[in-house]
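So, here come the structures, one by one.
Same chain, two partners: chain A is paired with chain B first, then with chain C.
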Partner chain A sequence: MGSVTEPFPISRIAGRYLLFDIDVISYARRTHNTCGVLIGTLPNLSQQNVFLGIPLELMPEEARVLIERGHAYIVDDEETHRKGFLQMSREDRLAYLQYMDELGLEASMESKRKLEERAAKALKGKDLSSSLKQKHAGPAPSEATSNGDEESLFDSSEPGVQPKASQSNLIPHFITPATSYPPLSHPPVDRGLPLPEVPRSYPLFRYMHSKGYFSTPGLRFGCHYTIYPGDPLRFHSHFLATGLDWDEEFDLLDVIGGGRLGTGVKKSYLLGGEDPTADAVTEQSDNGASVEVRPVRTFSIEWAGM
Partner chain B sequence: MTTLPPGLKPAVLPSPLQNLIVEKLEQSADSVHLSDLHALALQVEHNLRYQHSWTDLHIHTHSPISNQLLPRPLVSGLPPQRLYIHPDEQIELLKNADRKRKASKQAQDTLDVEVAPEPEWVLPTRLNEKWTLRRLSDVFNAISIVPPTADENGTPNPWRTTKRVLLATTDSDSTITYYIVHDGVVKPRQN
Partner chain C sequence: MADEEEDIPRPVGANQEDIDLTDETQDFRFLDKLTVNASGAASLPKRGQKDFESHDTKLQSDTLEASRQAMHNVLSWTRVHTEKSRILGMYHPESNMAYVEKVKTKHFENMGKAKGGKEWLLPEEALFLIERGSMDCRWPVNKSNGENEEELTIEDGAPMSLQAAYAAFIGFEGGVGGKLTLEMFTVYSGLKRAGYFVFRAGCWDDDRGTLQPLAHHQDPNKAGGYLSRFFTEIWRRISTHMYPIPKANLQFGPLVKPGLYRSYADVYRLLQIIPTHDRTAPPKFHLESDPNNPFRIHYDVYKSGTGKFRKAHRGPPDFRVAVINARETSLPTADQLNDLLATTPYDPASPQDQMYKKLKHGSRNVILAVVDNGIPSYIRFSDSDFSDIKLYERNGRIPRGKGGGRGRGGGRGRGRGRGR
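Here is the complex of A and B:
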């Protein structure tokens, strides 16, 4: 894992908040309990991809918390790219392309080396298997034809057939960089960009985040956030949270429905919101950034079982 | 009730519960809350007493902390069994029970967890009401962690550190459902 320096940039593209750097993604998850959702997929075959990759999309709430606490800043990525690549000099561009080619050649050699290693291993195995074959050297011909695939597999790994790797006939792999900050310089922190717009449930999110909880979108349970006491890969969630305004009316039927659903899946239904009547307090984060927040009041609801 | 000619019964008799509530409302000196809220408290109290076998039931009109008027009458009572066990307390109880079982040295002994029931606050509501966080927090601000009881000699449960209220919601068909509402972030029970 490479090192990440704070504040790290969050790319804003078409109103979404995205992270492209795998180091930053794991850093945000480890140190700032921010999960986000991986959304990267094969462009043409998005239906066929079970496991999604980078980029990581952050909820506006997540992006805002990170920015308010001074851990990250927004970058208008479209503008940065347009400017950065249009103003790039020809030499820089060629140098970068050359660098990518070198990386590609390295990757290509690495895969070749691995292939040879595997072949060597298979050969060792074959010595053993061929001696076995000689012992049972009876019913060869019919079996050999039926196992044609296997035979050809063995043939190809025979000594002498495998060509030795040489740099001249290697085709460099094409490298697709996930981030564009090696060619471009890191964009400067621009305080002029507005904070991410967040829904009314934001105070509850901020409050739970400050207590070290992890949150994921709550659509699956019909609430705003599913809240975990630790990394979602290690823990079951504890709360189905709905954030409300202090004077926002809610139906008791929703409370009962949420409470009953939550209890059914061993969770609590959490209602919460910012108390505007209480005095704002200043919260200091570890990097010196301070935020003025009003206290949040929460209520956990469970079925009484009677 | 309108007077009927002698010997004639009314077409629809009021239910015993309705009679009880009307009777109690006339007796009660609680004129500080609206009578429908007081009737609601009476209905919930009746349900707890006769359907759920609660005892030591009281209707509170004033806050036990500030002695100010409550937003609405609240009920307090003692359930027949413990209503809520915090997951951490449960672990402790199970450990104690296991220790006891090992001490008795009888392998066929079952794991006996002994928990005494605790008095609870009950917040009577109607399903067609709308609530807000402000109203809910007004209720919680006015109550103590444990409702005041006649016998003060019982030792308080050290695990009971947050306020909790039993939310009793009645529908027009007199069904009542009960939900536990905790003040603050309280982790769920693992049932």
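Here is the complex of A and C:
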């Protein structure tokens, strides 16, 4: 796992906040209880929706909390890429192509090594390795041919003939990298970019985040956030949260509906809002960033079922 | 008093078939155990039980660490193309599309458009192919460097990273007047992963879709010979009181005049005096044409696996999907819904279907894909014909449904003095 230096960049593309670097994704999850939503297709596993991959879409709330606390900064990825690739110099391009060739050759060697490993394992499993090795001294390995197992036949004979695959006759694979760094260098921190625009449920989100809770979008349960006591990889969620304004009037039926639904799925319904009349407190982060917050009150609602 | 049964919260996950695996964050340690069955539904053999809350044990933190590590490993997979299987594409900044010169995989059976000897991919198609690791897309070479254009091939372009592909195909969309948003792409790729064939609906560049007129269906009553039709008509006139009741008479009543009524249906028909929306009239837009109206059909979706599919002659789609951003859009107003449904074709349920199914199916329908920050949820809106499908005209036996409850006493109905 690579190391991440703070503040890390968050890509802004068409008004959405995305992470492409796996190290940053893992880091944000471990260190800043920010899990976002994976929206990408996993290569080679592109016919299912259960496990998804990079990129990770951050809620504007998540991006804003990370930026307010000085852990991250926004990068305008459209501008960066327009400059970086559409106006790329010849030297940069050739250097990049050569770099990709090197990576491709590595990948090619790696896949060859894996193929050999697998073949050796398969042979071992069938207890054929010893008999095949003996056969190599003789003419054709007729026994293996009769097995009809083409893969093991091919792979077992080749390393026998050429003990080490020479690099020169390997065709480098082509690689689509996940991020654009390299060839682009990380853009400098630009404080001029506006903070992500957040809905009015943001105070509740920030409050729960500051208490160490993990949040995911609440669409599936018809609320603003589904709130987890720990990493959603390991824990069930506890709350279906809806953030409201302090004096906002809302339908009593929402409480009934939320309360019943929440109880039905072993969670409780959470309402919360920020008190605008209270004095703002300045919260200081470890890295010197400070943010003014007002107290938030929360109420948990459960279907009593008496 | 409400049903007691309703008050008891059902235990979560009691019914295995109800579990939607995409609803929860799945443990990446089980990725290699994922199986996709013939119907396309994914299943995990036995899921690792999650915990309710932290209990500060080493076991728990170790399990979490293992899951995180597994997730990290899976997300680190690189997209590698071998010479044999790769699709080499080229980004075209002027149209924000990509083109492929040599088509050699099955992907192009249900995406892309041939033009000028090249296969052109729409932004979402190109991005999806890059993301699933099928396409090696390249940036065009910067021509201002004074290089000889003729000698350059696609392979001389810099490879496009996944990040760059998102920046280009989603981010540059506005610059060329395109309309693809990240939400639309989320829905597109989700449906593609689920095995559907997805195409842009015809009206992306227009301010709104086109009205879909009523289809002319043959009236089932008109079947049969002239003679039998004549007698049917005579009998209908004798037996029903279909003439409209003058408004003045309604003030004094009675709605049902004394007379010969051969069935309750005839009486009910006379009681129907409240006008309802006429679904046989041609559809109309209620709102002015507005390019910013979020409620429009974005995708035509086809089920896969139904024989040979040809993208050039693909026929009417199985589903029509409109993509809505949950954070920016609220529920459609009646007028917006009317205008959206008016752009879907008239598609009534089969007359043989049961009543509930007919009502659920409606005469026109559309699927709203509501996306909340990367999570899509699909909702079906249909125009239910309560005025056409009448409870009192329901003929024959009571359907024996599972939830019949009281209706199960089928014996009672049979004993009603038909004297068999």
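Note that the second predicted complex is superposed on the first by the 250 of 306 C-alpha atoms of A that agree within 3 Å, B and C clash if a C-alpha of one lies under 4 Å from a C-alpha of the other, contacts with A are read in each partner's own complex, and residues count from 1 in each chain.
Definition applied: contacts are C-beta pairs under 8 Å (C-beta built on N, C-alpha and C of every residue); 3 or more make two chains touch, one makes a residue touch a chain.
Small disclaimer: the values here were computed from a predicted structure and weren't measured.
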item	value
Contacts of A:211 with chain B and chain C, given as first, second, both or neither	first
Partner chain(s) touched by A:298 [first = chain B, second = chain C, both, neither]	first
Partner chain in contact with A:229 - chain B first, chain C second, else both or neither	both
First, second, both or neither for A:275, with chain B first and chain C second	first
Which of chain B and chain C A:266 touches, first, second, both or neither	both
First, second, both or neither for A:250, with chain B first and chain C second	first
Winner by number of chain A residues touched, once chain B and chain C are compared	C
Touched partner set for A:238, first chain B, second chain C, both or neither	both
Contacts of A:55 with chain B and chain C, given as first, second, both or neither	second
Chain C-contacting residues of chain A that also contact chain B	229, 238, 263, 266, 303, 305
Contact set on chain C toward chain A in their complex	7-10, 12, 21-28, 31, 34, 36, 42, 44, 50-54, 60, 63-64, 67-68, 71-72, 74-83, 86, 93, 128, 130-133, 135-137, 139-142, 144-145, 147, 156-164, 166-168, 170-174, 181-182, 186, 189-190, 193-195, 326-327, 370-375, 377
Contact footprint of chain C on chain A as seen in their complex	1, 11, 13-14, 16, 18, 20, 22, 25-26, 29-30, 35-51, 53-55, 57, 59, 77-78, 80-82, 85-90, 93, 96-97, 100, 104, 107, 111, 171, 173-180, 183, 199, 216-220, 229-236, 238, 260, 263-266, 303, 305
Contacting residues of chain B [partner chain A, same complex]	52, 79, 83-84, 125-127, 129-134, 136-137, 140, 166-167, 169, 177-191
Chain A residues within the chain B interface of the complex	208, 211, 229, 238-239, 244-253, 255-256, 259, 262-263, 266-268, 270-273, 275, 297-306
